[in-house]
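Both of the next two complexes hold chain A, though its partner changes from chain B to chain C.
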Partner chain A sequence: MTATLFDGIVQGLQLSLLAVGITLIFGLGGVLNLAHGQFAVIGGVAAKLLLNWGVHPVLAGIGGIIAAGLFGLLVDRSLLVPAYRYRGEERLLLGLILTLGLSFVIDGYLNYALPEFSLMLSLPIPAVQVATIPMRTAGLATSLIAMMVFLALFLFLRRTLLGKTIRSIIENEIGAELCGIDPSRTRTIIVGLAAMMAGLAGIAQGLFSSLGTEMGPEFTILGLLVAVVGGVRSINGTLVAGVFLGIINAFASRYVGAYVAFIILLSVAMVTILLRPTGLLARFT
Partner chain B sequence: MVVRVEDIHVSYGPAVVLRGVSLEARVGEAVAVIGPNGAGKTTLLRTMIGMTRPTRGCILYDGKVRNGLRAFETARLGIIYVPAEKELFPGMTVLENLELGSYCNVEDAPGRLGYVFDLFPRLGERRQQLAGTLSGGEQQMVAIGRALMGGPKVLLLDEPSTGLAPKMVAELYQQLAKLKSTGLTLIVAEQQVPLVLSLTDRAYVLEQGAIRLSGKSADIQGNPEIKVAYLG
Partner chain C sequence: MSSRPIFSRYADLVLLAILLALVPAIAADSPYYLRIATLAVVYMGWTVAFNLIFGHTKQLFLCLGALAGSAAYVTAVLSQQLQLSPWITIPIGVSAAAGLGVLFSYVAVLRGLGVIFLGIVTLAFSLIFQNLVLGLRQFTNGETGLVTRTQDLTLLDHPVASYYLFIVLLALALFVYCSVMASRMGIAFRALSDDEQTAELSGIDVTTCKIIAAALGSTVIGLFGALYGFYNGIISPNLFSFVSIDIPVLISLLLGGMRTRLGPIIGAALFAVIEEFVRPFGELNVLVYGVLLIVLFVAFREGLVVMLRKALGLSIP
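Right after this comes the complex of A and B.
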């Protein structure tokens, strides 16, 4: 029971890492990134390639995160440029189609180029006892890293001028422009940052169990669910929703099976949207 | 900074909104743009700062043609727009809203903040309140305050009195008169014709996308046609 709860929290934090990126890109860029799960896979693949070259695992992990970030920057500055020419619904639709296409291309290429791929990282000490409860160090480590990332992100958004600039664009892009803020530059920074968090989530998957090249769509769907339940413009909401859905998923997977768990997650998302259309922690309803 | 537009034409699809409008605001001058709803006042201001693209005509700052600049670029030049919709950041505090106004010159922010709080003491009292929870009048103060934080050379105000109680409108215009006395160039589009004419030096009357009349505000106030149409 406690182990399942713990697994749920760990998985939930990992989902939050993915979903926060989706939330930031949507809030700031008006694009719902359907290739976000693939960003996570690219981070994992890059880490694995570095490992194969004999790079130290920690450095390989950092390298994987950076690679995902660079890929995000590339996508923002090339593929998404046509979408950014439009505003509102047109941008959203064009962004959906472009990123969906990108996700197919990445999936197709990776499955073709690396058919046997799997990233599995193991820590030197596999498990520890915390107050008589055995816990896997991989889970503890990924949770700790995720929480540190969220704390850093929170402080960045609250305290720094760039962070406030990012929040201002999420709140009101026109208002930000009237203050002399260039939304496109800030957007590029945030897409890179979101892709790095996705890369971290991919590597965390390898640490916790294993990461395969086919997992992109599943990551995207789970990330989207969390983002929607949390409210697609609320970062705090996304964090809470990730842990909430992670726990539900862990219990459902354990007691009724993975396939039904997915249906349960979708039902939870549906009920949340019906009851609180702007998300769990929405300020303005 | 002298802001001038020459022979501006703007269309939204098949609808022609501005047909050959020319307007100038010299340094330290306060200029009114008056006219009925739908005359094109907002479009004219939006075109002057680069939010709307003209199909024909020139936008000049200090005599140089600067067509094609985007709104954030004109804001950085010191030509700052306060739209009727205010476009605040509702989920951020008053202080954060004002801080973002000085995004492009952070060094001067502390001094400007003091100036804005002197001008609108109520904002000082409510600095930690979320902007979205303020009254309409207070939100207008934040919008103007945020624009002042950017150190404007020219301030463009669109319908600053809209949605405000009469007492608030009077108060607001007192503050605008104060701003004018500091030598700030003002361009004000407004429905409150007598008020805006008493604030400004010159006025343009816009009707159906064209300038119908322009001249000294005092003369326009005395013009019998304007009296019938706008002053009742």
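Right after this comes the complex of A and C.
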């Protein structure tokens, strides 16, 4: 029971890492990134390539995260430029199609170039006892890292000038621009940050079980669900939604079959969206 | 506009009908090309329906495959389990798809869901549908698929006859589309796609408009889905997946031009041609697909019909 709960929280934090990136890019850039799961896969692939060159696993992980971030920067500065020329619904639609195309390009290339790819990392100590419950160190480590990332993100958004700039753009892009903020520069930074978090989620997947090149679309869809259940503009909401859906998924997979578990997860997401269209924590943010 | 005689107003559709009717004369020797032409007509039907739902009333349904699949599976499972004739089960399957479409549309309007939220809810439904089909193995035969050959629909065993059957269905779909757009409802749709709030303020019943568009669109999607299931001979979750239906239809609509009469037809035809060119790339076809999607959409963002209108100064509907 407690072990299942713990598993759910770990998975949930991983989902939140993915979904926060989608939330940030949507809130700031007005683009719903349909290639976000592929960013996670790119992080994992880069880490694996570094490992194959004999780089230390920790450094390889960091390298993978940086590679994902650089890729995000590149995408923001090249592919998304035509989308940023428009505003509102036009931009949303163009962004949707461009990132969908990008996800095809990444999936197509990676599945072709690395058909047998799988990233599996293992920690030196596989499991530890915490208050009589055996816990996998991989889960503990990824949750700790995820929580640290979230803490850093909150402090960044609350305390620093850049963070306040970001929040003001999320509130109102035109208003922020009138106050002398350059949205495009901030946007690039955020897309890079979001891609780094996605890369971390991809590497965490490798640490937890294994990461394959075909997992991009699954990551994207789960991330989208979590982002939308959390209310696509709220970061706290996304964090809560990720953990909530992670716990539901863990319990459902433990007690019923995999298909039914997925159906339960999706139905809960659907019902939550219908009950609270503006997100779980809409009133508190 | 309305004073012009009927023929010149719909001359483009007559021309289209003649063109499409001539296809089997050219492709009849090759079953392969005839099959591709038939599939293109099926996708044209889906795209016309999606134009009504997404183009005109801005409801992003990301469950076209699931709606078509629901109709096909309800039809096939009922005729096999209860030994019913397809003439009874097809209407039931189509009503199932229409009912689901109306449900999503109604719930979205009721809860005031925006474009993205409805998109995600319907995307979740797509995945639920896929997992239900895989999970209910005793009825659906899981991933292997369900054989739909039946003695009662021998028409669909004949390639040329099935091509013409789908042409008739497409004509029916276009007839519904044109009569809706020529009615008061059509004026309401145009106002609604420009600005929903203004439309509502000027006395248009936005809720009813959206639900009617979703109902008509889902019925067409279901009808094509159910018959496509019989035509294909076997139905599997893969046949109705998000990637094999929703994405081609979305690309076709955007390529041809949203909110135009001929856009869905031209888009779906062009998509079928592109798919043929991409086929030889084998495993890399997904990549080529993605590059094409990006390039085509950056270059022809408003769709071919609008672009041709501007470039040639013609009034293409």
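Throughout what follows, the second predicted complex is superposed on the first by the 283 of 285 C-alpha atoms of A that agree within 3 Å, B and C clash if a C-alpha of one lies under 4 Å from a C-alpha of the other, contacts with A are read in each partner's own complex, and residues count from 1 in each chain.
What we mean here is this: a contact is a pair of C-beta atoms (placed from the backbone, for glycine too) under 8 Å apart; a residue touches a chain by one contact, two chains touch by 3 or more.
Values in this document were obtained by computation on a predicted structure and should not be read as measured data.
Using the contact criterion defined above for the overlaid structures, shared-chain residue A:Ala269 touches chain C, although it does not reach chain B. Legend: residue contacts after superposition of the two complexes on their common chain; A:Gly180 is shown touching chain B, with no touch to chain C. With both structures placed on the common chain, the touch criterion links A:Arg167 to chain B but leaves chain C unconnected. By the touch criterion stated above, A:Gly101 is placed in contact with chain C alone, chain B being left untouched. In the superposition on chain A, no contact is made by A:Arg77 with either chain B or chain C.
Across the superposed pair, chain B and chain C touch chain A at no common residue. Across the complex, chain A is touched by residues 107, 111-117, 120-121, 123-125, 127-128, 131-132, 134-135, 247, 250, 254, 283-294, 297-298, 301 of chain C.
Only residues 161, 164-165, 167-168, 171-172, 174-183, 283-284 of chain A touch chain B when the two sit together in their complex.
Chain A contributes residues 32, 79, 82, 89, 92, 94, 97-98, 100-109, 111-112, 221, 224-225, 228, 232, 257, 259-260, 262-263, 266-267, 269-270, 273-274, 277 to its touches with chain C in the complex. If you check the complex, the residues on chain B that touch chain A are 51, 70-72, 75-76, 80-83, 86-92, 96, 99-101, 103-104, 106, 132, 146-147, 150.
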